[in-house]
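Shared between the two complexes below is chain A, which has chain B as its partner in the first and chain C in the second.
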Partner chain A sequence: MSDAALPTAHAPTASLWQRTHGWITNPWGRPRFLVLITWGYMVWAIVPVIIAIQFSFNETRSRTIWSGFSLRWYTWDPSDSVMNDPSLRQALAQSFKLAGADVLVAVPIGVALALGLARWRGRGSGTSNFIMLFPLVTPEIVMGVSLLLVFTHIFTFVHTGTLAQILGHVTFSISYVVVIVRGRLFSIGRQYEEAAADLGASPGVALYRVLLPLLTPAIVASAAIVFALSIDDFVISFWLSNGGGTVTVPMQIYAATRAAPLPSTNAIATIMVAVTLLTVLAGFLVYRVFTRGERVAGGGMVGDMAAFDI
Partner chain B sequence: MYPRWLWPGFAFPGVLWLIILFVVPFYAVIGVAFGTVDPILLSAVPIWNPLEWNVGWVNETLQRLSPGGDLWVVFVRTCEYVFVSLGLSLAIGYPVAYYIARHASRTKNLLLILLILPFWISYLMRMLAWVNLLAPDGFVNRFLQFAHIIDQPYGFLDGQSSTVILALVYGYIPYLILPLYASLDRIDKSQIEAARDLGASPFRAFLHVTLPLSKTGILGGCVLIALPMFGDYYTPNLVSGAPTTSMLGNQIDLYFHSTSQPTIGAALTILLSLFLVVLMGYYLITVARATRNLESV
Partner chain C sequence: MAGEVTLVDLVKRFGDVAAVDGINLEMPSGEFFSMLGPSGCGKTTTLRMIAGFEQPTEGRILLDGNDMAYTPPHKRNVNTVFQSYALFPHLNVADNVAFGLKRQKVGKHEIRERVAETLELVQLTGFERRKPAQMSGGQQQRVALARALVLKPSVLLLDEPLGALDAKLRKALQIELKALQQQVGITFIYVTHDQEEALTMSDRIAVMADGKVEQVAPPREVYEEPSTVFVADFLGVSNLMDAEAVGGANICRLQLGDFELDATQGKTDARGPVQVTIRPERVHLEPQESTGQNHIPGMVERLVYLGNSVQVIVHLAIGTTIQALVQNVGTEIPWKQGTAVQAHLPADALRVLEDTGAALAPLDEGAVPA
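Up next, the complex of A and B:
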């Protein structure tokens, strides 16, 4: 642009400050400062992780200076890649073992507890409900300390190690299953079961043929969420570990980050992020398939995620 | 239509599990904290009978946590970190939640996905990402040097309080924004329109309608992230590791994993839980009320 055009166009207008201020507050539309903060937050929240993922593919040992794409830290580095470092392979196996066992135990117990708590009216139901909610608000370190002490002083037959870790993971997972399944139970209501009973179904049939299929999406969603929670858990695994074979991936990342991390740390963290996201995505898609045709208040996904607004 | 025993029967395994592995363990902490220490092995000897409790260790820990004691500094620092982080999280989180709930239209779904994404990225991964960025040869230092703001790499990871606060905000803010968003999204737009029709400026309408209506979301979200922050120890360890930034959680971790004094560790855990019980109680009561409303619908 030529300089000659400027003075005539802008001579009597507002100062730079006023113009910037006006542009940002934007009195005639959506305030632009909100747009800036929101997108700034999104960039701040996501980009560091993307950079960390990028450096898991770095060719050299640096996690900060990019030298080219390679799968060295995943597959072919002879001693330090995820595939060839026994401690990393072991940590992956342990994390999957804990998450799998957690899902298998916590989901059935949690679904039954959700049904029970949603419909049981009588002595003890209030207290039970209270006990169920407590793990959700207890700081993890308090849970870690108490489980460690119970396994070293009362249930001494459970030594710290894999079994203790599984018991700990199930303990913090049950409440999440209950919250998700109970939300679904409330939205289903009782009319379908009552209709089944009116048509002659026995309680067992009403439960198994009517209620269970209606609950399936919530059960699938809670299984995916429990799996992801378990995979990402650091504190409980850490407090109940006895070293060696019971180190999980988050513990490995923790130890490596405090020492001198290699890009292989980024690589194993990237693998876990991919696994978690795929699990949650799969759970969500199954949920959507099962609930298609239902009218969801609050716009589908948001309504589902509000399960976390417990 | 169902037999009366059915629902308590369904609840039974879960309740039993939580009693054995959540309630009883907490009693184990109490037993150890009010127990004694073996004079030779230096290991904890729990006392289970409340009548025989030894209050010595809990008393000593309480004194160290009181003004003048050596843990008082840590306690004050923990509160400072948590409250500064809460303030910063609200300052960033509220406008974001507000924009997505009220103004985003075409981009709303994308923004919601981005908002939920950090939930499913391992906390440790997100900390590792910042450790990489803040390292002496990391992007942040190289950018600052390139822009000639600093000459030497700045030791972000050498025990800076600001780094720990940044990490806490970064780690927990998603858990604040989601409840904030949910409460802002629930607000009936016609109430805000009514305020505007009656002559309130946009700012006054926000102050007198939107803000009060989102109060539950603000308080709930703050409690939801304050509780884990008070018990955090891994975040300071990952981004600082220096004793000058240690929080109460770090002290508990040290008593169990470095100095092998589980009795003091247990006493500190009990005192921390007592301190947090108000926050937990507030949250549990709010949730219980919300659940009752759901049932009555």
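Up next, the complex of A and C:
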């Protein structure tokens, strides 16, 4: 019996075919094909951006033939660099102005709306929750045109230009803030507010001392996303612009690419990419720091944002 | 001494459903009072009304004689230990415990003293700087206790505070909680679905079902002298049998199928169809040939080894199946599957019950959150 107790010792070794076949089909093995597809997609998605960034550092005016590294299109070209071309400088300033204003206006309103909607029970609450998602699914061009019509025919005191652009950005940004903050509100539940009230905190104190600190990660994350969305926006900025000083970076890039593109266009695009990435990264890091230790309880940022995809 | 809670005709409806359906309870100062029942029996809703998180549809909640049914929670001198603890994750232990004191505008120096004092009471000295997430479930539970006790409430409400802990820790904390309650001397109102928890700690237990109170009594009385079928069934395993009460006064004569039995417990003056119950540990199994009053023949259907005892499931000649508990005293028990036995149901262990019609609890005692 002692020999037979180890049947595997005498079993024939699996053939090469069996082993490779098993290696590929084993459902519990590492997901090699998925990894391959993922990396393939990442390369596909990132290569155009890398090339665009690369040519922003080109020495010559060409956007297709690489001739050496330089910062010409950022700083030292006397007329066409980002630093020295007034239209590019202005576009950069306008984009940051819109994004900053958008964050300052949309985030507080969005947080207040999220609190209201999350606490509102009864008639109308379902409808308003649904309407909140409207800007997320409305085609931007429709929204841009409608806003233009509203500002030129109904709310005529709003003239096209910076104010109209800010209002336009705020209009679609608020939904993102509401969705993110409301997601967090649902995941933290009512228990902390009840505990605060139980310990003698009035509703105001509970909001300030307990709820807002717990919402901070969601607020920071939504601010980062609003900033990134606003910086990226073309359609609404375009429809509500009145030319001149209200041209944003995406509009500038669009115009330049259609006329005589220079590597300075790539340079300004690179700056946008860098700023957007840094903003989102900063938001993510703040989120991580603030939610440290409660990762087990919920799905973290991903869980809070599961209600929609950005 | 303060801390007397009285519930008068308390009703809470959610839509058409009455979660709490007319409850009258008196919880005197300094008592460890438990509300015990299956999930959905209204015990948590009742507790939340005492805390102020829910407003009663009807009725009054008196704290030391003052109606506080419509006082908001932050103005009530009661504090809650939540089932999920609800410790503020952004504050460390000391700040969690100090939260309520700061709301009362207590001086800095006194806050520090009272926090230290209370943390010592729950044996957490040295944990002041920890965040809740860096602590075990048992430690978090103590922080939750400290956070409520530091305010010196006249009543402490506990909503299944041990529900999330493992069995061993739960047992240890049961004893600690009881000791703590005796030490601080305030009223504890404790909600649980765990009968053992309620029996171990309480001065009195209210057994609840379907939004109503079935019985209020000290632990021994609810277990030994259940007044309704529901209570008998919910606390421990009861053998319930249909019977016909045919006569007698102090000793009730019962007809179970072809057998006549005497019962001396419960509603012995009842007549007509009743239910009788007997605890498994009071059922004596005797050899087939033994005879006497209150003996019913049966056959062993199954044996379940429980460690300290053996559960014998016996199919009786009257058609019902009952459980008998035989203590493990080291000798092997003589019954096997299929053995014919006589089940002796002593008259002083048989209890005649009235049926209130409350839904019976499921037999398994799994952790069902309320």
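The definition used in the following text is that the second predicted complex is superposed on the first by the 259 of 310 C-alpha atoms of A that agree within 3 Å, B and C clash if a C-alpha of one lies under 4 Å from a C-alpha of the other, contacts with A are read in each partner's own complex, and residues count from 1 in each chain.
Everything below uses one rule, namely that a contact is a pair of C-beta atoms (placed from the backbone, for glycine too) under 8 Å apart; a residue touches a chain by one contact, two chains touch by 3 or more.
What you are looking at is a predicted structure, and each value in this text was computed from that prediction instead of being measured.
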>> Do chain B and chain C fit side by side on chain A in the superposed arrangement, or is it a clash?
In response: fit
>> Touch test for A:I46: chain B only (first), chain C only (second), both, or neither?
In response: first
>> Quick one: is A:L104 in contact with chain B, with chain C, with both, or with neither? Answer first, second, both or neither.
In response: neither
> When the two structures are overlaid on chain A, which partner does A:A93 contact: first (chain B), second (chain C), both, or neither?
Replying inline: neither
> Given the touch rule stated above, what does A:R258 touch, chain B (first), chain C (second), both, or neither?
Replying inline: first
>> Tell me the contact category for A:A228 with respect to chain B and chain C: first, second, both or neither.
In response: first
>> If we overlay the two complexes on their shared chain A, which of chain B and chain C does A:L285 touch? Say first, second, both or neither.
In response: neither
>> Can you tell me whether chain B or chain C touches more residues on chain A?
In response: B
> Which partner does A:Y192 contact after superposing on A: first (chain B), second (chain C), both, neither?
Replying inline: second
>> On the A-aligned overlay, A:A274 touches which partner chain: chain B = first, chain C = second, or both, or neither?
In response: neither
> With the two structures placed on a shared chain A, what shortest C-alpha distance in Å links chain B and chain C?
Replying inline: 6
>> Going by the contact definition given at the top, which residues of chain A touch chain B in one complex and chain C in the other?
In response: 194, 197, 203, 206
>> Can you tell me which positions in chain C touch chain A when the two form their complex?
In response: 51-53, 72-75, 79-80, 82, 84, 86-90, 99-100, 103-104, 131-134, 147-148, 151
>> List the residues on chain A that touch chain C in their complex, please.
In response: 191-192, 194-203, 205-206, 209-210, 213-214, 290, 292-294, 296
> Which of the residues in chain B come into contact with chain A in the complex?
Replying inline: 1-3, 6-15, 17-19, 21-26, 28-29, 31-32, 44, 46, 92-93, 95-96, 98-100, 103-104, 109, 111-133, 135, 137-139, 142, 170, 173-174, 178-179, 182, 185, 220, 223, 227-228, 230-234, 237-238, 241, 249, 252-253, 256, 262, 265-266, 269, 272-273, 276, 279-280, 283-284, 287-288, 291, 294-295, 297
>> Residue numbers of chain A touching chain B in their complex, please.
In response: 30-31, 33-35, 37-38, 41-42, 44-46, 48-49, 51-52, 55, 62-65, 109-110, 112-113, 115-120, 122, 124-125, 128-135, 137-143, 145-150, 153-154, 167-168, 170-171, 174, 178, 182-183, 186, 193-194, 197, 203, 206-207, 228, 231-232, 234-235, 239, 249-250, 253-254, 257-258, 261, 265-266, 269-270, 272-273, 276-277, 280, 298, 301-302, 305-306, 308-310
